[in-house]
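Presented below are the structures under discussion, each in the form of structure tokens.
Consider the two complexes below, in which chain A is the common component and chain B and chain C are the respective partners.
Up next, the complex of A and B:
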């Protein structure tokens, strides 16, 4: 027990460096995936049929594919297609490609939940499509989509650990380095699991408070 | 660029590895269902101690990456004297992870059972365990079947992680083949198709299962 503590003191800075990288990857991955999801959402509503078919096919493909296989496809098979990416870029592309269809579905469900009468009413009073989106759809759909998006964000944060397999230098990768130097695999991995747990629980809690904040109008209504 | 003969060469070994993936999916699915049922029972009928234990279990499993859980279990088994038990470690880790999600699903199914049924069972003299076994769990299981089968698909999609501890399932076999003859494109095409096919089989199977149990649904 004492030895374990010493290992974490000695290699603390290394793990902290990895944790910082994990946080950055999570933020960047979530941002890219969310933007890609907006594009997918717009493309799925396109009047042009082939584009809609492509989006459907892509979504089906991703839903059936494990994320690790997608990562390997990009990292190992990518160069064969002339796609030579660094480990970090492969990782970010994987997170983006994998999570965007799920996020697009969360966005679609939230937008579909807004009564069409509200949008028609907005148009009737002379609002343009952007005003309708900004004033009627977004404020409500944002709050509606949030629980599902938070679930996906936490899933994405957890899946950054997989990127250590292609040697992205995040927390799990640094843990492997510590294990190879300290020869205490079980204790070190268990300790790192605890670090993940504290960080992810905090993220979950913070997001739930944000959600309460965004939906406060529903509780304040008489 | 795409060499058909390498594609065909990979089909045989990967079809063989698909059996290991199927075994791992079934083993982890069963462990998950058992762990989920126990955790749900502890949370609802286990007093405050059971409720706390159940909640800590669910929180730990949902709050840490499966990759890290797998390594903790793998090295934990080695720590306990069971070294190099890759398949066991993978089945346990994926199963216990899935169990947390199964617990949430089953808890909702259990809470949806009308209390009158449980009171009726008590009134005719059934004991607590018998009520769980004959009244609560069967109905909760059938009512939760659609989300449970969706969870099994997630289990299938988690099995590639077992390649990390060198279980020779589909993904690890694919990595081994492509490192031998530089056929990444062809091999991962086979690997991806194998998972998509298995997910389809699972989808069809679970629909048949749901149809089979529909007459018993309240």
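Up next, the complex of A and C:
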């Protein structure tokens, strides 16, 4: 029997490996989901009706599925439809499919909050749609969408743990391995819980500061 | 100013705008000469603002033609008389020849007063930042806001915000300035400072079309009054005649209700 300290010294490298994988999955998943969300957002505003209908159908489908079921569908049912993906690829696809509609909604709400008069003011000085998006909509909508997007990012980071079910070697999967070798479930899980908590709280704090920085013009005294 | 001597800077020929199944602007024709100030009056809902937005193609007219310094706006006219919509890029270039000041100011809240004024110079004109900054500072000084150039819109009063908006429009060196009820969203005590800036522009012979409910300003500054009702241009007259002896019953009624029969105090 080890004591608590020794178990983390001995299995630390394994847990770090898992943490590294978790961070990678979070970053890659968030990036893919965000890009998919931008595509969804653009498609939802398309003048072409069938495309809008597809986006709506997709969104409603995803909103009605638990992420675990989505993962199982992709990993276990996917091969039946000719979709053979590695565990990591299935996991990334799951995170992307699951989080993109929520992110698209956060983007839509933020963009809709920019008064149309500001956009007209841009057009009036001669800006085109690209300049309006880059100089007027994006800086403000980005700050507006940030709290919702950070919430989703943290949710996504936590949901990477679900991927351990299909043997993605992220932090929770590695923890299970360490527990089965060390026979110290309480100490190991408590330690790993602390790791998750510290990482996610730090992320949350950093994003809050970023948000405050981006919206500083709203808090100035007259 | 005598409009027969100078060719018109802007000419509207039978412009109409339909929203849904309603003609909001109905066959409006007029001309404004260079250096002239035209005030558009009329009851709310008479299509004044929409007519103004037709001019710079923010709301492209459903019918009719608009010419700025002789150039047809928004439409390409082929030699054989057929027309087609102008490419978006050229529409933007034409639109930039107008300056526009809005009722709600529409400053960009994430940029300072100076940055609001610089924005078009840097982003649309591609001017170097230092040069744009100097120009913007000069424009802010011209509207009396040199001291507040680093303030964000939320730190400025409504009157100051509107003056920044005027500076922003002026910085682009427009051929004509459009004002869409520039003082209607202001507290009464702040109206004067904005009107003073506009009066100053009129004295410098900046061409302006002003949609307004400020009868005193219209009486004092306008070279011509355009009176609209139910989308139609009902009456067009010099202010002296319009306010003392309006020709149309509609205008008489409008002035009666607004001023109770007294002439407007400038």
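We adopt the following convention: the second predicted complex is superposed on the first by the 219 of 222 C-alpha atoms of A that agree within 3 Å, B and C clash if a C-alpha of one lies under 4 Å from a C-alpha of the other, contacts with A are read in each partner's own complex, and residues count from 1 in each chain.
One rule holds for everything that comes next: a contact is a pair of C-beta atoms (placed from the backbone, for glycine too) under 8 Å apart; a residue touches a chain by one contact, two chains touch by 3 or more.
Everything quoted here is computed from the prediction, not taken from an experiment.
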| item | value |
| --- | --- |
| Fit or clash - chain C, chain B, common chain A | fit |
| A:127 touches, of chain B and chain C: first, second, both or neither? | second |
| Touching partner for A:137 - first (chain B), second (chain C), both, neither | neither |
| Which of chain B and chain C A:196 touches, first, second, both or neither | first |
| Chain A residues touched by each partner, larger count belonging to chain B or chain C | B |
| Partner chain(s) touched by A:72 [first = chain B, second = chain C, both, neither] | first |
| Apex chain A: angle to the C-alpha centres of chain B and chain C, given in degrees as a multiple of 10 | 110 |
| Chain B versus chain C as contact partner of A:62, first or second or both or neither | neither |
| Touched partner set for A:87, first chain B, second chain C, both or neither | neither |
| Overlay on shared chain A, then closest C-alpha pair between chain B and chain C (Å) | 28 |
| Parts of chain B lying in touch with chain A, wherever the complex brings them together | 1, 59-60, 62-69, 71-72, 75-76, 78-79, 156-161, 163-164, 171, 174-175, 178, 184-185, 188-189, 191-192, 195-196, 199-200 |
| Chain A residues touching chain C - in the complex, by the definition given at the top | 115, 117-118, 120-128, 131, 135-136, 139-140, 143, 217-218, 220-222 |
| Chain A to chain B touching residues, read off their complex | 61, 63-69, 72-73, 76-77, 79-81, 154, 158-162, 164-165, 172, 175, 185-186, 189-190, 192-193, 196-197, 200-201, 204 |
| In the complex with chain A, residue positions of chain C that touch it | 56, 58, 88-89, 92-93, 95-96, 98-100, 102, 104, 106-111, 119-120, 123-125, 151-152, 154-157, 165, 168-169, 172 |
